[in-house]
Amino acid sequence: MTEEKIREFLRRYKAGSLDEEETAAAIRKFSFEDMGFAAVDHSREERQGIAEVIYAAGKTKEQTLKIMKSLIAGSDKNIMATRADGETYEFVKKELPQAQYDDEARIIYVERENKILDEENRIAIVTAGTSDLPVAKEAWRTATLLGNAADLFCDCGVAGIHRLFNRLDALQKANAVIVVAGMEGALASVVGGLIKAPIIAVPTSVGYGASFGGVSALLSMLNSCAAGVATVNIDNGFGAAVMAHKINLLAKKKQ
Amino acid sequence: MTEEKIREFLRRYKAGSLDEEETAAAIRKFSFEDMGFAAVDHSREERQGIAEVIYAAGKTKEQTLKIMKSLIAGSDKNIMATRADGETYEFVKKELPQAQYDDEARIIYVERENKILDEENRIAIVTAGTSDLPVAKEAWRTATLLGNAADLFCDCGVAGIHRLFNRLDALQKANAVIVVAGMEGALASVVGGLIKAPIIAVPTSVGYGASFGGVSALLSMLNSCAAGVATVNIDNGFGAAVMAHKINLLAKKKQ
Amino acid sequence: MTEEKIREFLRRYKAGSLDEEETAAAIRKFSFEDMGFAAVDHSREERQGIAEVIYAAGKTKEQTLKIMKSLIAGSDKNIMATRADGETYEFVKKELPQAQYDDEARIIYVERENKILDEENRIAIVTAGTSDLPVAKEAWRTATLLGNAADLFCDCGVAGIHRLFNRLDALQKANAVIVVAGMEGALASVVGGLIKAPIIAVPTSVGYGASFGGVSALLSMLNSCAAGVATVNIDNGFGAAVMAHKINLLAKKKQ
Amino acid sequence: MTEEKIREFLRRYKAGSLDEEETAAAIRKFSFEDMGFAAVDHSREERQGIAEVIYAAGKTKEQTLKIMKSLIAGSDKNIMATRADGETYEFVKKELPQAQYDDEARIIYVERENKILDEENRIAIVTAGTSDLPVAKEAWRTATLLGNAADLFCDCGVAGIHRLFNRLDALQKANAVIVVAGMEGALASVVGGLIKAPIIAVPTSVGYGASFGGVSALLSMLNSCAAGVATVNIDNGFGAAVMAHKINLLAKKKQ
Amino acid sequence: MTEEKIREFLRRYKAGSLDEEETAAAIRKFSFEDMGFAAVDHSREERQGIAEVIYAAGKTKEQTLKIMKSLIAGSDKNIMATRADGETYEFVKKELPQAQYDDEARIIYVERENKILDEENRIAIVTAGTSDLPVAKEAWRTATLLGNAADLFCDCGVAGIHRLFNRLDALQKANAVIVVAGMEGALASVVGGLIKAPIIAVPTSVGYGASFGGVSALLSMLNSCAAGVATVNIDNGFGAAVMAHKINLLAKKKQ
Amino acid sequence: MTEEKIREFLRRYKAGSLDEEETAAAIRKFSFEDMGFAAVDHSREERQGIAEVIYAAGKTKEQTLKIMKSLIAGSDKNIMATRADGETYEFVKKELPQAQYDDEARIIYVERENKILDEENRIAIVTAGTSDLPVAKEAWRTATLLGNAADLFCDCGVAGIHRLFNRLDALQKANAVIVVAGMEGALASVVGGLIKAPIIAVPTSVGYGASFGGVSALLSMLNSCAAGVATVNIDNGFGAAVMAHKINLLAKKKQ
Amino acid sequence: MTEEKIREFLRRYKAGSLDEEETAAAIRKFSFEDMGFAAVDHSREERQGIAEVIYAAGKTKEQTLKIMKSLIAGSDKNIMATRADGETYEFVKKELPQAQYDDEARIIYVERENKILDEENRIAIVTAGTSDLPVAKEAWRTATLLGNAADLFCDCGVAGIHRLFNRLDALQKANAVIVVAGMEGALASVVGGLIKAPIIAVPTSVGYGASFGGVSALLSMLNSCAAGVATVNIDNGFGAAVMAHKINLLAKKKQ
Amino acid sequence: MTEEKIREFLRRYKAGSLDEEETAAAIRKFSFEDMGFAAVDHSREERQGIAEVIYAAGKTKEQTLKIMKSLIAGSDKNIMATRADGETYEFVKKELPQAQYDDEARIIYVERENKILDEENRIAIVTAGTSDLPVAKEAWRTATLLGNAADLFCDCGVAGIHRLFNRLDALQKANAVIVVAGMEGALASVVGGLIKAPIIAVPTSVGYGASFGGVSALLSMLNSCAAGVATVNIDNGFGAAVMAHKINLLAKKKQ
């Protein structure tokens, strides 16, 4: 938020057209920090329910560090940078020793609140194969850092479908189920045919040849014959977790 | 469910390896009617939370009618056939005079319970343009037949973004928001940046040339820079509504 | 086979460089009838194991009729024309009253040997939905006309996977299983994970939007996580049946 | 298979609803080992006819080793890991000195039964060019480890089609023929026009420009004008060999 | 050519900077008739070796007629309009009774010189199937109207490759060979491996499913493992004939 | 703009936080009419410089008529509906007799100001062929209705490039040049190499086979080796004209 | 321009068919330097308004250096080589010590005129995210070297749309606005709905999975529901800047 | 050619059914050397007019060397291996010191006949830009090694079209013209509109973003509005040269 805008709200407040609460809300809602190369969005949580998360791919490590610092200063929530490599983490850690790194999930994070608010309301994550694990871990780490109880069930692909049936009871209890699968992505439809919770499907780039970097799984999931399945981008464990978090939150709130 | 299978459960019940409740549950869970050209899934609601819905495209009108009758016999819920043309409706109506037709949504339905259970928990549907209306209506009709309170806001595309801002308050109150947009599909990201509820994005085939029958909007939605957006197939208003229904149900249940 | 070529073989026979058997085999192997617009391949059965089948799409009805007559004259097997419309059938029937038409499968055929040679060795065909039926019928009709015992199980898609489990025993007994599915085509992988027979997957153009006319199902099947699955072209029930026939024949021969 | 499930079967056995044979079969059929990052499918051979094979791509070398050990413990068959690089082999070899590596085929394997059961029933593999050799070797190694007699004929592409004709007699004798070709993949159709055995076509990523990493060959094979050709994924020598093995097995069994 | 330009050349001629021959050549080279909706290129033959040919698709029948008249007035060669439907022909015929129509090739033409200049120098056209005939006829008609001796061999596809071998001698004698094939388009490579003449490959849209309207054949032809094959657009029989004509002309000229 | 919003502005005006001018501007800027199926954007000209234009494709003729009436009531500018068919025009004309129809351009329009403001500042439109004319006419009609002097030069494709050179002088004088071309779309690059004005390239769907409905021309234009070329959607003559209008306006304003 | 051509113009000049001014103009207009591997276009500024710019990708560093020298010799403008890596810069700098390198924009340049001619007429560049910065810098550096006043506003993506609203006033004042965005590219449409200036949209390859290297953003921009948006190639900051420069120049000239 | 086949011909010769000439011809026509990993085609020149050329990509350097040796032993023509890297050359050179390397064209060759047979009959190669040079060099080196007089004109792209006009006279004299262009590939159509010789268009992978590795140029060339243009694979300078050689040969022969 620019100086000018803040002053405009203050003048309106003084003139009486905005009361104190309205003024504070407006400033909270539209605040951001202009760093030249970035405009850190300090009001994202106010608007969207979760704070800004850094997409580290395509950013220099200096940029990632500076934005992390800005976010730390502007909020008291957990801070994350996704798609971050180990080198960036080493760089960040020097100035932010409290930063941690999940190298499977490729997430740098600063954990400031560690409590899982509600063990009853859970998110389940299920993968088709072991090779899908990094994406599933990105989803699990994100969900956990956002305060959700989350379970990860690995390697339940349809080539051995009895492995899925063994986990069905656990899946049935979740408020939202994230299905992570590459190759033909059939798992999403099969799970969709068996449980009641909303399903978020994450295609992965696992596969070769005509998997076209995840396109095959993506199309499978979009064309699922089971209703109640929605899809996010290829390898987007983070996005699936945010969607699941919002659904889980809704269940929690309503209690 | 085949005769043989039913008998197997009964024998186990008699032998004592299944008790009465288990036997009934098993039969409920795996029952279907084999009609030769179709195997009507009478246990879908038990498993997935909503009853089987007929996808009328590619079926003859005789097939659609017979499956509708089987569903009516097997359940007391609202019955729907999506992607149905007027000719099929005329054919169905002769034998099922209680059937109704939403010609914008292309849904034939038999309404048997008409109560919206809960006015507090709502689904919002918002379209980018007037041409997206048929898909939005498919979503609205489906959501309503599944018992949800649902609102439809039309023509809020980003070419005149103030029209969206005027509806933001209403959107903010919904448990789930369905965004229906063709062409470049930018609306999903913009809404995603402004509200807290989970968003289900429906790309439509509205557009021409490089919209490639909805691919442009689909890719936009999958690549949304706003988290908390998940996508369904092009023109799949039905699927979006089922996803929203499951989310809304979660909120309702938890109260 | 041109006159000149036939004469060359005869001369060699006379000269003693080919014996009687060799000469007859050579003529059988390379014979065809040049009709100007077509070169009817009378030696295809000799080489490939099944006689030439007419692909009627893109041919005039006059051309289809003339090729049928040539095939009837050159062989004593069942004769088929695939992808034929009703109008072509009406035209053909006038001159070939023994011709029959399977309008679901869109096959015109002249049945000359009606015996299913071997009830023990069977082909199974399973579809995901009712809308996949025309393609499955093309496979079933082809398999039957080639002399195979064939069973068709309809509507076993993964949205209600228990319907598949009820047919597993029958599928297990087949020498080859043809899986016909549109949309996300997940059924092929699921069947592939459960049975021992070789599986021929047929993607169908059933679906809309991101099914891209069968591409989604095709990619799923090519990327199947279950091994022992091979795929034919979209909607190619005919090709799947020929592949299954050759496999089934192998089992029969070996007895 | 979870402890709980095993106990359920045992209780049923004790209660008399399952006899001894049924109990053993059920346990065999649904057994797997949960390793956290993987659920090793020890019942795959029981269900599909061949044991689980490790797809090493995307797995860490530690994961590959652990799964190999689990498979060795759970079966007495040959064990394979496909798409494995040399580094993984070096790592595996330290703990499993009996492991061998086919670096052309990129397969790590532990050979425990080395007998080719039946020299009469053979699989033939034919390549269009020398550059297709790694994929053909993957097929050959897989077929051989599964106990098949297999022959590999290299460099028979249609640019010099007489090279194919010289191998036709050998191809004619096989129960299944695997055709491996990149670029335009024409070889599959040509072979398909000349022999009676079922043909499994493997497109390879050999080529450049508009070969699009194997798409050109893949489309050729899917659109083959010769019937009796089915296709697997690009570069999927492994899958083709499993399909051929199942066909060959069928011929062997029937003897 | 505009009046102004013509006058400029005349002035230069008068001023002596261009001599008579140069002036006439320049006017011939750059002349066209501006009809508002079209600028008929009367100098195309001078520059490219063949006169302008009308592409009738997307033009009204009035436009096609007017351009035909302009071309007739501006040249004494054969005049053609490709991709013309029967209705356009009926319209044209009223004012140009000398116009003829090849309905297979969809070409309207006015034949003004009917001599095939040179029977020794021939173009050969070979098709894979009967369904490719319309495209082959477009090539044949074009080649003939341009004054070439041309032969058409139909239905020589690789599913019955002996049919091709029977025509090899004739193909060997041509100066240029046009191969017309849909589906997998393998014929181009096979012919390319067997003859010395330059080969022009024409993919056709014959096929279905993964033939993608001719893309499969197009890619095959572009990736031909046989050198000496060049490709034109899908269904572009006309363009192939012009290329063959230019090659044939070269051979003729050099005598 | 909702009643509520208007009242809010009025209250602020009364309270003195907005002065009269600010209040009027705000209302002008954010006004729209909510018609249920559409939200007509009466402030688009205020924001974007041109009034809302109706995209009639996918709208019913009743919807098109109602939106036209709303636009007529809300502005005194020329009103347009693009992509409108003749039937819609007949329907509209009954209630709006002043409506006119350009059937080549498929635009229904109500002309209320007919003056071309400035003959000096011109837009040039050039097409590659006669078949591109409908798209060029859409551009020309739009440009003219927006008050620009516009010239249309037809059939200047590179197959006869001298036709382009004859129009170069006229093109050089324009403030913006719209190049309309299908097939390979080479004209955009050629013009881009020869003139100084900014060029707006419009690919058209003219062509067949590998033109893929305009994709070939689109890619050509996006990859133009000449700088100063920007591209709009396939067949989007309207969009090109708006872009050219904005550029032309800039030149006019600055005088 | 070849010696021969120059001599022809001189002879015409002597003969009086060209006057002095015409002769000089013709030589200026068609002059180039033939370096064997390159034909440096010294007349490009005369024709297109901006001098030739070197596209360094795919050129050796020796080639880049030689062309830079030729351009320096042939003009007194700023010289640029785009898509140049640091190694090429080091090589160039040895012989051209005055060369500078913008490593974010990857442009080597020799600045010879450093004046921004006109502060009033500005170009604005706005990016969706920080990762889009390299492309935006390419646009900014190009615009500046061409003599334009240019402003760069970073990280205004629609996930936090208030950041855009804070920069709207600045954007409104520009003669042309360049919007640089990856992922779903929604920013172009949103800006297009809010300002009057012509907009040049630059899709970037920022993103992953279904962004397909910028295709998602490209399609979004081509399908923008806001008119007055034209698009350049993915990551083509240079081309956008040239287009904006031409528009800005038009405004400047007209003053 | 197998021993067995050779013996068969000999036996027929002895038996008198083949005379001496026929026997020699048959052996020449079908001879090849079976090296296990390769079947070197020693009869290719006999059939296709040019000897086998090694495609080194995907072959080991040992394989490339062995095939080169086999070709040297089997023929007295120039020997080539295309797509060969420097490392392979170093390896080959050790055993074949007479081998040479064109590192721009990436061709290893052994020159055994160095005479350009006929300076009158020439091939012309023209490129759009300097970055297209490696592909053009592959064409030039191939054409020269096949005995053609060939000229290379570089950097004549349409952004500075006068550079092309300066070379038109030279292009006009060639029997075949190879046009090498990346990006939008417009040069092929422009040349096609200006000269009479057959044109072979080679799209290159030069470009970025929406050039899609040469697809943009490929589509342009396939859709050329100028007739008499045929296209080869992306970056296939070799194939273009072979096509041009066959055309040139035809002209030479006919003298």
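Labels A, B, C, D, E, F, G and H are assigned to the chains in the order they are written; within every chain, residues are numbered from 1.
What we mean here is this: contacts are C-beta pairs under 8 Å (C-beta built on N, C-alpha and C of every residue); 3 or more make two chains touch, one makes a residue touch a chain.
Just so it is clear, the structure is predicted and the values come from calculations on it, not from any experiment.
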item	value
Each chain counted as touching chain C and chain D at once	A, B, E, H
Duplicate of the C-D contact set - from B-G, A-D or E-H, the pair where over half of the pairs recur	E-H
Chain pair, B-D or A-G, that carries the greater number of C-beta contacts	A-G
Between chain E and chain C, distance of the C-alpha-averaged centres to the nearest whole Å	38
Mean-CA-position distance for chain G and chain F (Å)	26
Rounded Å distance, chain A centre to chain H centre (Cα mean)	54
Per-residue multi-chain contacts in chain D, two or more chains	47-48, 129, 159-160, 192-194, 209-211, 215, 218, 222-224, 226-227, 233-234
Chains that touch, pairwise	A-B, A-C, A-D, A-F, A-G, B-C, B-D, B-F, B-G, C-D, C-E, C-H, D-E, D-H, E-F, E-G, E-H, F-G, F-H, G-H
Interface residues, chain B side, partner chain G - complex	128-129, 157-161, 183-186, 188-190, 192-194, 207, 209-212, 215-217, 219-227
Touching residues on chain H, where the partner in the complex is chain E	47-50, 53, 175, 192-198, 200, 218, 222-224, 226-234, 238-240, 242-243, 245-247, 250-255
Touching residues on chain H, where the partner in the complex is chain C	12, 15-17
Residues of chain H defined as touching chain G within the complex	129-133, 154-156, 159-160, 162-163, 165-166, 206, 208-211
Interface residues, chain G side, partner chain H - complex	1-2, 5, 29-30, 32, 36-39, 41, 43-44, 47-48, 52, 55, 57-59, 63, 67, 83, 203, 205, 213-215, 218, 233-236
